[in-house]
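Structures follow.
Okay, so chain A shows up in both of these, paired with chain B first and chain C after.
Right, the complex of A and B next:
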C-alpha cells in the first residue's frame, strides 16, 4: 500500500517535472540565446555565450524597438481600459436590466464571435479609408485606428455577463434605496465588487492587444507607428536572419506582459474561476 | 472611494487616447485617391513633410533589400540632392498581406510608390489588380535582363518590373566530405538528379552524413527541378489551369524525391532555422538551393575552405539544363502620384547602373539579373570560403541559362496541394493516383 503511494507520487512528480521542462525550456532558450551569436543559436547552443552586448548593439542599430514599445504600451493600455469599461457596461446591462428582445441582441453579439477577423479586414479597412478622408487623425495609420475596432468585443461582453450572474443583486437594491443613480450603481457598487473579474478581463485584453498582429499590420503603415510584433516580425524576414538581435528584442518585449500577468495573477485566477461557476 | 479610482482610470484612458491620436500621422488632406497619402517618414521619427521628392518603398529583409535600396538612394542623390526614400520594412508575408488589403479594398491612402514582389507572386498581383501598377518597359533596356526575370513581371506585353536579385541555384557542396568519400567537385558537374542520387548513396554509405536536407512541406526543390526543364505546375496559356497530370517534369521530380527519401540519404528538417542549423552544424553534404543562401552558409566561419558550388543537377528529360532558379524578387511601381519619379529612380539605378551592381555584390553579396554588370571586376572575386572558386562568375554564367517559365497565378496555392500529395506518395500511395487527385483538387479550387 505504502509502496503504491510512493509509486503514485513518483509518477506524479515525473509527469510534473517533464511538463515543467517543456514549458520552461523555451524561456531558457530565449534567455541563453540573447547571449549567443546568431550561428550558435541556429546550431542550438544551450549554454550562455559572450555576444550579449553585440546582439544588443545590432538590435538598437537596426530596429526602432523603443518607439514601438511606446506605441504598443499606449495602444494596449487604452484598449484595455476602454474595452473592459464598455464591455462590462454591456455585460452588466444584459444581466441586470430587463428588456424585451435583449436575448436576441445578445445572441447576435455572440454570433459575431464566429466571424473570423480576416473576413472583416477588407471592409474594415475600407471604412477606415473613408474615415481617413474625413478625419485623417482617426483613420489609417493612426494608433486610434488600431484601438477602435476592439473597444467592445463580444467575448468580453459574454465574459462580464457570465460573471455578473453571481453578482448579488441585493446590493443594487440597497444602493437604489440609498438614492444612487443607475450609473452610480454601476460605478460605485458593481465595479468595486467585481474587481477580480476586471483583473482577469484586463490581463486577457492587455495581452491580446500587446500581441495583436493582423490589424495593426494593415492599418499602421509608417514605421514610427509600428507596434512591437510588427517590428519583431520584420526582423526575422531576411534571407539571413540575425537571431541574436531578434532574441533580444523578444526578450525585452516579453517583460511588460510578464509583469502585468504576475501583478494581477492572484485576481486573474479568482476571476477565471468565477467565470466558470 | 473606489469611484475616485475608476474616474482616475477613465481620465487616464482618455488622456492616453488623446495622445495616441495626436501621435497619429498627418495623412494627406486629400485622403482617398491620393496614394501618396503618407509618404513622409523615414523611420527616424522626424515630422512628416510634404516633400514631393520622397518616395515610399515597401520591402523586406533588412540586410539585403533594404541595404540595396539605401545604396541606390545614395547613388541617385548624387545627381538629385532633393531625392529621398522612405523605406518601410516588413516581412515578405506582411508586405503581401498589406498590399492585398489595400488594393482589394480600393483604398489608396498609404500605398507605397515602390514595392518589392517575389517573382512567384507577381503574376497574381498583376492579374488581380490590373491597372494598379505602372508599366516600366519604356524606362530601361529590358534586353539587358535575363528573360526569366522579366517574364515574371510581364502582363499583356507590358513590362511592369525592374528585375532585382536572381535566385540562380547552385549545388552547394561540402568538398571535404566529398573527398573523404573519394569524390571531387568535378564529379558533380553536369549531372542528372539520378546521378546525383547515385553518388549520394555512395557518399552516405562511406561517411554516414546525410546527402541532402529538406522540409517535406516545402516544394522548393520540385520548383528548382521543374524550372530547369522549363515547366511549371500551371498551364502557360492562362497561368491558372493546373498542369499536374501529364507533367513529365513534375512526375520525375516526385519520383526522384522519393528515391532520395527511400535511400535514406535525406535528412528531414522543419522550418527555416533548422535548415540553416543543419548545414551550419555540418550535418549535410550538399545543399541544392538559391544563391541567396551564401551568407547563411558563410556564417559558419570554421567551415571556410570546405565548400564548393557545382551547377544544379538537371532532370533526365529533353531540354532540361544544369541551371535553375529559386525565389528572387523584382521591383514594381504603383500607378499613383509620383510614379514617373519612381520609374526614373529605378531605371537610373537598378535598371542601368553597372557600378551599382558591382557595389551590391561586394557589399551584400546581392546578385542582380543585369547582364552588363557581370563583366565587372567584382564578379571575378575568388571566394576563399569556397576554396578560391570564382563563385559569382559561375553563378552569373548559370543565370544566363535559366529557362524562362510562366509562373502563373497559383504557385503557392498549388504547392500546398502538392505538399499533401507528396506526403501520400511518400506514405506508399500510387503516384498516378496521387497526381490525379492533386489535379482534381487544384481544378476544383479554381
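Right, the complex of A and C next:
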C-alpha cells in the first residue's frame, strides 16, 4: 500500500515536471534567443550568446516597431478606459433600476456574444468606409477606428451586471439622501465601490486590446499606424528575417502583459472567472 | 413619516424619481447603441451583401447564388474541413489536459503547486501572433524541436512540420493546446475549490479509486464549467485566424487554411468579393449556433 502511494506520487511529479518543461520551453527559447545571432536562432542554439546589445540596437532602430509600441499603448489604454466606463454604465443601469423592458434589451445584447468576429469583418470594414467619408478621423486607417467596435461589448456588459448583483445597494440610498443625481451616484459611489471589478475588467480588456490582430489588420493600412502584433507579424514572416530582432521585439512587447499578470494576478483571475459565477 | 406611507406609490415617484429612471435608461441605451451599430447592424448588412456579387464595391443582386456556390467551392470545403479537424481533435485534447492539471494541482499535499500552475498558465499571457512566430522557429525543419526528437531517437529524419499537410495540422493543434490549456485550467481550478472535499472522502471510504473519483465526481461536478469552456473554445476555434496566418501561413497548399482566413483572403487578399465573403461568414454563424445548441443539450441532459 505504501509503495503504491509512493509510485503514485512519483508518476504525479513526473507528469507535472515533464509537462512543465514542455510548457516552459518556448519561453526559455525566446529568452535565450534574444542574446543570440540570427544564424544561431535558426540552428536552435539553447545557450545564451553575446548578441543581446546588437539585437537590442536593431530593435530600437526599427522605427516602425517603436512607432507601433506607441500606437498600441494609446489604443490599449483608451480602449480599456472607454469600454469599461461605457459597459459599466449598462451594468449599473440594468441591475440597479430593473424593468421588464431593460431585460428584453439585455437578452438581445447577450445574443451578440454569439456573433463571430470573422462574420463582422466585411460589413464592419464597409461601415468604417462610410464613417471615413463622414469623419475621416474615426474611419479606416485611424487608431480610433481600431477602438470603436470595442467601446461597448456584450461580454463587459454581462460581466459588470453579474458583479453588480453583489453591490450593496444601501450605499445608493445614502447617496440619494444626500441629493446625488444618478450620474453622481454612479461616479461617486458605484465606481469607487466596484474598484476590484473595474480592475479585473480593465486587465482583461487591456490584454485583449494589446494582443488584438485581426481587426487592426483589416482597418489599418499605413505602416505608421500599425500596432505591435501587425509589425511583429510583418517582421517575422518576410523573405529575409532577422530572427534576433524578431525575438527581442516579441520579448519586449510581451513584458507589459507579463507585468500585469504577475503584479495583478488576483484581479486577472477574477476577471477571467468572474464572468461564469 | 407615517403620512408619507399613505401617499400612493405612483405619486411619490415625483419628478426626481422620474429623472432617475430616465437616467438609468440613458445608461443602458448608450452602450446598446454601440452594440447595435457595431454588431447587429453589420450582421444584418452582411446578409444583404451576401445576396450580391461583384468585385469591390460594384455589387449586383444575385439572390442565393453565393450560398449555392459554397457547396461547389473546393477552397471553402477545405477551409471548413480544416476548421472542423482542429475543433474535433484540439478541444477534447485541451479540455482533458486542463482537467488533469486542475485535479493534480488541486491536491493539498502537492508541493510547488504555485510554480506548476504559473508555468502552465503563462502561455495565456502571450499574444497569438508572438507565440505563433516563436513556434514557427521552434518547429522549423532544422529547428530545435526536430533536433531534440532526433537526439532522443524518436525520429530518424526531421519532420517537415510546415511542409507536410498532416504535420502542419498537428503543429497547429499542438500550438493552440499550448496556448489555451492553462487558461481553461484556471476555470476548472476555481470550480474545484467550491467542491466539498467531504465528497471525495466519502468516495474513498466506499473504495473508489482515483480514476473512478475523476469520472464519477470531478467531471459531473464541473459539468457547467466544462460546458462553458467547451462553448467558448468552440466559438474561438471556429474563428481561428492568428495562428494559421502567422504559424503556417495557411499552408502547405491550403492544408491549414481556416474559415476566418478564407473570408479574409476573399475580402482583402484576392480580388475583393465581399458578397461571397459575407456568405462564407454566415456559414460560421450557422456553425456557432448549431454547435452551441448541441453542446448545451449534451451538457444539460446528462445531469
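Structural remarks
Note that in this section the second predicted complex is superposed on the first by the 225 of 277 C-alpha atoms of A that agree within 3 Å, B and C clash if a C-alpha of one lies under 4 Å from a C-alpha of the other, contacts with A are read in each partner's own complex, and residues count from 1 in each chain.
In this section, a contact is a pair of C-beta atoms (placed from the backbone, for glycine too) under 8 Å apart; a residue touches a chain by one contact, two chains touch by 3 or more.
Nothing here was measured: the structure is a model prediction, and the numbers come from that model.
Aligning the two structures on chain A places chain B and chain C in clashing positions. By the document's definition of touching, of the two partners only chain B reaches A:221; chain C does not. Shared-chain residue A:125: touches chain B and chain C both. Once the two complexes are overlaid on the shared chain, A:143 sits against chain B while remaining clear of chain C. Of the two partner chains, chain C is the only one that A:210 touches; chain B does not reach it. In the superposition on chain A, A:133 makes contact with chain B only, not with chain C. In the superposition on chain A, contact of A:237 is made with both chain B and chain C. In the superposition on chain A, contact of A:116 is made with chain C only, not with chain B. In the superposed model, A:152 makes contact with chain C only, not with chain B. Look at A:64: by the touch rule set out above, it reaches chain B but stays clear of chain C. Touch counts on chain A: comparing chain C and chain B, the chain ahead is C. In the three-chain model built by superposing on chain A, chain C overlaps with chain B at stretch 275-283, while the rest of 5-13, 239-247, 275-283 or 365-373 show no clash. Shared contact residues of chain A, touching chain B in one structure and chain C in the other: 42-44, 121-123, 125-126, 214, 217-218, 233, 236-237, 243.
Interface of chain C with chain A (complex): residues 19-21, 23-28, 30-32, 34-35, 37-43, 45-46, 49, 100-101, 104, 110, 115-116, 119-120, 122-123, 125-131, 133-138, 140, 142-145, 147, 178, 181-183, 186-187, 190, 210, 224-225, 228, 235, 238-239, 241-242, 245-246, 249, 259-260, 263-264, 267-268, 274, 277-278, 281-282, 284-285, 288-289, 292. Every residue of chain B that touches chain A in the complex is listed here, in rising order: 2-3, 6-7, 9-10, 12-13, 16-17, 19-29, 31-32, 37-38, 41, 43, 45, 60-64, 86, 88-92, 94, 97-98, 101-102, 104-107, 109-110, 272-273, 276-277, 280-281, 292-293, 295-296, 299-301. Interface residues of chain A facing chain C in the complex, by the touch rule stated above, are 8, 12, 15-16, 19-20, 22-27, 29-30, 33, 41-44, 46, 86-87, 89-90, 92-94, 96-97, 102, 105, 108-109, 112, 114-127, 148-149, 151-154, 157, 181-183, 186, 207, 210-211, 213-214, 217-218, 228-229, 232-233, 236-237, 243, 246-247, 250, 253-254, 257-258, 260-261, 269, 272-273, 276. The touching residues of chain A, counted against chain B in their complex, run 38-39, 42-44, 62, 64, 67, 71, 74-75, 77-78, 81-82, 85, 121-123, 125-126, 128-130, 132-134, 136-145, 147, 184, 187-188, 191-192, 214, 217-218, 221-225, 230, 233-243.
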